[in-house]
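Listed next: structures, encoded as structure tokens.
You will see chain A twice below: alongside chain B first, and alongside chain C after that.
On to the complex of A and B.
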């Protein structure tokens, strides 16, 4: 296996060569020992996992000329997802999926009484809209830059599945505050599902867990919202990132390919 | 290459591979199938229903609707309630054939566009939906807007003590033929009843 080149660290971060006499008598000073400690730990892990190669493969890769701020929209979407995941976990510590009134009361408690609850809930609520906006902007960038073309079709397909899953997150999460707006919006949404011919009626029965909006509909939406879909999204983001790293990112369409004179047929 | 022994048609390696894959498949099915059945089970369990008394026959007239709250799902408070608009059958306008279940007309407040609650506006003699502008006339037939069929109805019956009772909900097409209850947004005229088949879990009227 070829040795990977050293990561191109900026000057300020590169280790300073030792000056003569700095460590004259060969004794290790405490500062040096402390500096060594971190390196030793990382070395210990790396010797057993070889993770550094993977990290270098993921982070220190070549990118084409001409990339710009539009190329950050995918990462931005991922960070919006991470924001949703983190705030969602902490909201779940207070939320109670009880259709008889406990759900609304627990959301009221989060908003009005819990320390920083209003902030965390607002981050989750507004972050959801931000994620939807960013994912569409990211898709528009990929579409208009032609970045979905060979060999990146599978990356695009996974991205479309991620888009659908994100919209499903929006649909299932909308019910959870369990106020009038979320209740009736979910009734309408489930009935829109039901208008699909042949399977529609059974699909809405599945979503409601029965013919009517019942006692387990809310907990069903909650389980889909916080376990089923997030797991799928996380796994598919992993596949998406693998393909991006494996295939490299595409140059903007206005960058012309540079001809290599060495490859040109010699003139006779 | 055949197996190690004479007459062996499958090598030991292939046999072991097949056994390992089968064992893995059985183990995966052992938790996937019950979990899946658990999730889709409610599609197949029929909802029970009770006849709910809503008042003596003297409460209801032919001229206007009386509002009654009924419980569709037990144990979840207000979210399990729905509203029925009830009046006495008026032979002058109710042209559908009379039987023991429609001496009193009970309309569901569920809009047949997408399920919002309609309300009866007595000045207009119309049912109006707040969400997308569906309008129904006094009999619950579509008078305008996006609804795809008339308002659903409830079976009603009169007990020997003179109490009106509500039974399960049923759906009607534009000629007021009865169908097993469908969700809003699913038309029942023409091919509609075949595009949107009846489900396994809706309560039906017991044979009596």
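On to the complex of A and C.
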């Protein structure tokens, strides 16, 4: 394995070599032990997990010259997803997937009565739109930079799955408030799914939990929206990021490598 | 890309990467700025526009026009446009989106040239721009046409011009009243739970249609209120349905 670059910390933060005489051979004094508590804990964990290598691999890898703001769109999408996860957890504390009226009532409670409930719900709702815009912008960046070409084809394919899953989140979440708009839009949506080729009818039976739109449909949408798809998205973001770190971020296509003799020598 | 081109790319990339900067803190700094921008935008939108809650879902009275969230407008618009091309009707609905998805998945496998600079990839540039404009246009027109549920039929050519006006007026009432949530008319609407109305004029007389609308069998909602409050609309509705043959 090639040597990883050292963390680029400013001088004042880098560990200071011990002065001669300091902590000679004697026992560790309590003050010293306390000063080093943080390092000791990290060491203790690292001795058992060897995590530090992975973290260095992730953080202290190099990115090519010329990386610009377009390259932040992927991580921006990830932040929008984290926003959805956090606000979603708070909504789930109040939400009840009860088609008989409990669902609507619990969303009304969140919107009108719960402390900051309207804000959290609005952040979840608008966050969804922001995430969708960002994921399309990220995809456009990857497309126009040719970043899906060898060796990053698999990163692209995982990305397309993430795109589909993100749209599926928008679709399943839309039903949950259970007002007129979400109810009828979802009925139409599920029926359209049913006209799809091959798996269409099975897919809409699966979504409806049967041939008719019934009481269990809502619980099913709820489970898909807050457990199944988020789990898949989180796992696939992990795989996406692993591949990005493994393969390195592509250089902007207008930058060409210069045969720098000094660089070559330093590599040998 | 053949083997030589692959090796050439990897060699060039490793030089570029070695000349670069460490991910932490340089790229992390930009990403963090962007994360703050994203959060500020979300909180701003949330605080400005809030989140509304419409009337409670009611499976029996559907006077509501279904609308998806804006990012599905383009999809519904594709479906709406495709439905009007009779030849494709059956495969159009999800067939077109499915084909687009497959094309997206397989992109790295059919675009195999080693060139990455978009200025020298004219086909990719044209395809990318076309996709962006098509999506923007479809989203825009999807936002401006009524719901995917609005009826879109060609009146029979035998009608006089005043009958034609009644046809259009009744068509609009059907769209507003949400009949299509349960009925199919031509290529519009959902097939079920109600029977298709495509040729209802050949099955029921106008009086029978009117009395069905006033006193329907559940789960169809009653439109007696419409008949009382707005008899003109109701008559247009009945006449429109009896012209469907």
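Everything below uses one rule, namely that the second predicted complex is superposed on the first by the 226 of 268 C-alpha atoms of A that agree within 3 Å, B and C clash if a C-alpha of one lies under 4 Å from a C-alpha of the other, contacts with A are read in each partner's own complex, and residues count from 1 in each chain.
FYI, a residue touches a chain if its C-beta (ideal position, glycine included) is under 8 Å from a C-beta of that chain, and two chains touch if they have at least 3 such contacts.
The model shown is predicted, which means the values in this text are computed figures rather than measured ones.
S.K.: Identify whether chain B and chain C fit side by side or clash on chain A in the overlaid structures.
M.R.: With chain A as the common anchor, chain B and chain C collide in the superposed model.
S.K.: Could you look at A:51 and tell me whether it touches chain B, chain C, both or neither (first, second, both, neither)?
M.R.: In the superposition, A:51 contacts neither chain B nor chain C.
S.K.: Is A:234 in contact with chain B, with chain C, with both, or with neither (first, second, both, neither)?
M.R.: In the superposition, A:234 contacts neither chain B nor chain C.
S.K.: What is the contact status of A:116 with respect to chain B (first) and chain C (second): first, second, both, or neither?
M.R.: A:116 sits against neither chain B nor chain C.
S.K.: Answer with first, second, both or neither: which of chain B and chain C does A:215 touch in the superposed model?
M.R.: first
S.K.: With both complexes superposed on chain A, which partner does A:183 reach: first (chain B), second (chain C), both or neither?
M.R.: A:183 sits against chain B and chain C alike.
S.K.: Touch check for A:89: first (chain B), second (chain C), both, or neither?
M.R.: neither
S.K.: Quick check for you: in the superposed arrangement, does A:39 touch first (chain B), second (chain C), both or neither?
M.R.: It touches nothing on chain B or chain C.
S.K.: On the A-aligned overlay, A:171 touches which partner chain: chain B = first, chain C = second, or both, or neither?
M.R.: Touch partner of A:171: chain C, not chain B.
S.K.: Which partner does A:200 reach: the first (chain B), the second (chain C), both, or neither?
M.R.: A:200: touches chain B and chain C.
S.K.: Could you list which residues of chain A make contact with chain B in one structure and with chain C in the other?
M.R.: In chain A, residues 101, 178, 183-184, 187-188, 191-192, 195, 197, 200, 212-213 are touched by chain B and also by chain C.
S.K.: Which residues, counting only chain C, touch chain A once they are in their complex?
M.R.: Spelled out, the residues of chain C in touch with chain A are 1, 6, 9-10, 12-13, 15-28, 30-31, 33-35, 37-39, 41-43, 45-47, 49-59, 62, 64-72, 79, 91, 93-95, 98, 101, 104-105, 107-109, 111, 114-118, 121, 124-125, 128, 132, 148-149, 178, 181, 190-191, 193.
S.K.: Can you tell me which positions in chain B touch chain A when the two form their complex?
M.R.: Answer in residue numbers: 39-40, 42-43, 45, 47, 72-80, 114-116, 131, 181-186, 195-199, 201-203.
S.K.: For the complex, which residues does chain A have touching chain B?
M.R.: These residues of chain A touch chain B: 99-101, 178, 183-184, 187-188, 190-192, 194-195, 197-198, 200-202, 204-206, 208-216.
S.K.: So in the complex, which bits of chain A are touching chain C?
M.R.: 5, 7-8, 58-65, 67, 69, 71-73, 75-76, 79-80, 83, 101, 104, 107-108, 111, 118-119, 121-130, 132, 134, 140, 143-153, 156-157, 160, 163-164, 167, 170-171, 174, 177-185, 187-189, 191-193, 195-197, 200, 212-213, 248-251, 253-260, 263, 267
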